[in-house]
Amino acid sequence: MLAGNKVIITVAVNGGMQQDRDGAIVPKQPVEIGEAAARCYEAGASVIHVHARDKHGRNSGDREIYAQIIREIRARSPILIQTTNGIGVRRDPQTGQFIWPTDAERLGLLSLDPQQDLFGIAAGSADFYNPEGGYPEETPYVNSPALLKQTIQAVYEKGSALEYEVVEASSLHRLVRYAEEGLFDRDRDNMWLLHGGGFGATPPVARNVLFAIDEGLRLFPKAIWGVTATGRDMFRIVTLGLSLGCDLVRVGFEDGIHLPDGSVARNNSDMVRAAAAIAAIYGMKPATVEEARRRFRI
Amino acid sequence: MLAGNKVIITVAVNGGMQQDRDGAIVPKQPVEIGEAAARCYEAGASVIHVHARDKHGRNSGDREIYAQIIREIRARSPILIQTTNGIGVRRDPQTGQFIWPTDAERLGLLSLDPQQDLFGIAAGSADFYNPEGGYPEETPYVNSPALLKQTIQAVYEKGSALEYEVVEASSLHRLVRYAEEGLFDRDRDNMWLLHGGGFGATPPVARNVLFAIDEGLRLFPKAIWGVTATGRDMFRIVTLGLSLGCDLVRVGFEDGIHLPDGSVARNNSDMVRAAAAIAAIYGMKPATVEEARRRFRI
Amino acid sequence: MLAGNKVIITVAVNGGMQQDRDGAIVPKQPVEIGEAAARCYEAGASVIHVHARDKHGRNSGDREIYAQIIREIRARSPILIQTTNGIGVRRDPQTGQFIWPTDAERLGLLSLDPQQDLFGIAAGSADFYNPEGGYPEETPYVNSPALLKQTIQAVYEKGSALEYEVVEASSLHRLVRYAEEGLFDRDRDNMWLLHGGGFGATPPVARNVLFAIDEGLRLFPKAIWGVTATGRDMFRIVTLGLSLGCDLVRVGFEDGIHLPDGSVARNNSDMVRAAAAIAAIYGMKPATVEEARRRFRI
Amino acid sequence: MLAGNKVIITVAVNGGMQQDRDGAIVPKQPVEIGEAAARCYEAGASVIHVHARDKHGRNSGDREIYAQIIREIRARSPILIQTTNGIGVRRDPQTGQFIWPTDAERLGLLSLDPQQDLFGIAAGSADFYNPEGGYPEETPYVNSPALLKQTIQAVYEKGSALEYEVVEASSLHRLVRYAEEGLFDRDRDNMWLLHGGGFGATPPVARNVLFAIDEGLRLFPKAIWGVTATGRDMFRIVTLGLSLGCDLVRVGFEDGIHLPDGSVARNNSDMVRAAAAIAAIYGMKPATVEEARRRFRI
């Protein structure tokens, strides 16, 4: 929880694989994303987490599309923009096989122009399983140590903030090791630790998420910490995080399309409003962009 | 969560010690309680948890007053009536000292006429600390094994349902021991396990409540389980419980007077409506009296 | 774990209720206790936790007997001497009923002459259940807030160290509250937190002990922390504590008579040796009396 | 713990990458392995976990070498033989890059002739980090769902037993999912769950291993469960497991070369004797081959 009982709401508006379904319209093109960002900003989000799509709505690592997205968002609202080098997979149109982006392609997103405000990185390899997020099959998701280390170095050299997407608590121990090796300062306070549930093999189970949160706070007592989860359990885990006083929650169509009551959200801003309503029960208000900037030290 | 996404709302309207304050009017006399029960029933409560007071509004174990209360409630609504042999303490008018009721007095409440629908019992001794509930001082609260065992036996012989008020997770292990000794069937499904926070030394802290819930469900997988908490944290813990799919929540003036937004409730039905509104966020509706009866098997 | 991979071994040689049985000889008279202390010191213990008995071997709060015990111990070894105001109960010879010592009697032990080195206090009320420790029945064990507060104040005024016997994790929150009220400094490093299992309702279950340990370290990061447990599980929990790097373990006839392999110890020093052998697996050695003194700052 | 206080000791004699060092001689050729197996059997091991090496001592998936190994072991002792399709990596002699075996190569080990007694499988992908086990660099270790599912099916069709090597607790949830999909019976009692520490990112930390054990027993209450760990922490985690009553421990040069006292073992049988000595502290004896067979139902 930030000073003044504030919580940062991140909206992950599209992901790389999600398609429109059941009435949920996923923003895919730059203008659509810019408009969605503005609506989410109005609803209380201070950060947008965004993936690029090509003209056909397919996952893309194209730096020019990312640049357009950033311009379209900035034209409409001051919301902070986050990219991740978890670009996501593509399907080969011929074979139907998954094609994972190369490390080079993923690292390319570190130097966009105009520049994004924040970065994200998956903090380790795991078997990805998120049927409600557009990944019907369980599939190994490799995030090599080399990629992770290069990203950490590059982001901190920029003076920006980096969100570690933690799907296994063990990744926290990896980060401790890297810090002890001198890669970064363990006590820096722009560390994000997103203790999600439902991205790897672990279902979004309270016991597991709590274990990960507690390990995170034990190992990185000064971290900015947030929670999220996939699918229909998203808001259950968001509630758990808020009840424990988290600094940040992430909701949005990248990870699920259902509101807490099980109905389908029409658009991402519905999810932001739902998060804000639960935060209000815990006496918390959405952090403004300025408050989020101060907390991230950016 | 009951079948059909229903949740039982219990309203603990008065407790033994709470007095009117800050605009919250605590029902104390039988007619007042009967009227409060009817309003809470209209708002969605299916169970009323009630303590008797004497003419001066002081805590009482008088069986005749209890009988009157039951008659006044039943005259106005079909809400289920629960008493507890946690009668609460009285102050000696001369010395100002707390006087705890005797076990005999507490056991007397098991055989009221007309009979209540449900029973409650504190599942162990602890140091009671609930400044917002009318107990300004921390004080040992003895619930002897003998009292507990006699109550369990008596209630189950009646074919009624018994709520175990669990303030320390260790009490769950005591109940396992009693079950293994043959006192009751561990798999009976009219077991209640109210994992509250804020009654003993533990403040209403999510981590602790979650541990207690988890132990409870591990030790008694078929239990009907509910949550509550005291003071300003009541609705934070209730929300946590609802997000995790609990079967029952308890709110009301016995445990606190504040609504989720921090304002003071005018009367108990405001709190029932607030609980129902939070349940709605998670797609749950208040259980009817009939649905509660079926779940309790009474 | 103390600097240099050392662990303090406390031996609780007799308790108030344990009798000789199954070949285990419980030291009861001052000379016997003095001799046991010396043997345990030789085996690696740096602290003896001791209860007085009368001529008939029954639990006693007699300050003169305590003084004799201290003299007999000191005549034979430099081991640190700890008393507790958890004196334990006596049986009325007429009625067979338990008689608990008064608070006055318990507080009397704070000012012995010669003076003990260390103090202990039960950090809350609970239902005591320790059939292997001479308490065949479960019985409420009241430790009033007043007694606890007076003891804390008196011990810290002496500049001595106080062990809080924590049987319910909630007691840790009580201590936080007392610290916040100004009773003591939460960061003082002579705080002991003995996260035992098996004294209250909770059986010595790893999950529960770990929860208590983690809460303790979260709430009191600078605490000296130790573990113990009752009966046949004593060494299982001691192993758990050592595997987690605890500062102190307590073993001895007060809490059980069985060695890790299930055989009955002939005397307390067998138990000290068993603890030292397990510590050795974790690369730890018994702390000397001097090392223990430095850690306790006495 | 098996009936009669027995524990199965598995010795993992060589792994794929370990080389002789610091005086520890790693058995690599079939005859060496056969002799090591016999010595370990004499010392109390009932299972040998074995990897094949080529003539140059390098990791190999060659089925003929495996067959020779099995013959050499069987010629000397009745110890049960386990292979795993975690074959391990090879280094390309030209580039120095790691080359992982193909799934086809890994699946080839399921049908050796003569046949092994038991099988093992890594239960998910992770970043492997085991510097003391011959893997100086952290490296993604992919174990695809397809490979895992095919192995499960093949092994259970043979009526054999399968050890799931669990390095992340989340893998347990994957196995629950597979069981629910009908791949195997969740209650079958030849399920092994090896809750190791130190193979993935998580160092061999008691808190994490305990969480994994607890999740495992909650999700698979009838499982045969064992523990192991890498490097200098091997015996610390083995001791924790034994103190908690595990069914199986695994030690040996695949995972580390140090004895509990920090000295280097000369050969694998030293490690088996050390495990047996720790088991004895807790009153447990090594299971015989016959007792292990009965427990595995093979």
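Lettered A, B, C and D in written order, each chain numbered from 1.
Definition applied: a contact is a pair of C-beta atoms (placed from the backbone, for glycine too) under 8 Å apart; a residue touches a chain by one contact, two chains touch by 3 or more.
Just so it is clear, the structure is predicted and the values come from calculations on it, not from any experiment.
Across the two interfaces under comparison, A-B and B-C, the one joined by more C-beta contacts turns out to be B-C. Of all residue numbers used where subunit C meets subunit D, over half belong to both copies. The two sides are thus made of the same residues.
On a Cα centroid basis, the chain most remote from subunit B in this structure is D. The two copies, subunit A and subunit C, are related by a rotation of 180°, based on C-alpha atoms and rounded to the nearest 5. The distance from the centre of subunit A to the centre of subunit C, with each centre set as the mean of the Cα atoms, comes to 49 Å. Centroids built from CA atoms put subunit B at 41 Å from subunit A. Averaged C-alpha coordinates put the centre of subunit B at 37 Å from the centre of subunit C.
Subunit D has residues 207 in contact with two or more other chains. Of all residues in subunit B, only 124-127, 129, 137-145, 167-171, 173-174, 177, 200-203, 205, 207-208, 211, 215 touch subunit C in the complex they form.
Touching subunit B in their complex are the following residues of subunit A: 206-207, 210, 214, 235-236, 239-240, 243-244, 260-263, 274, 277-278, 280-283.
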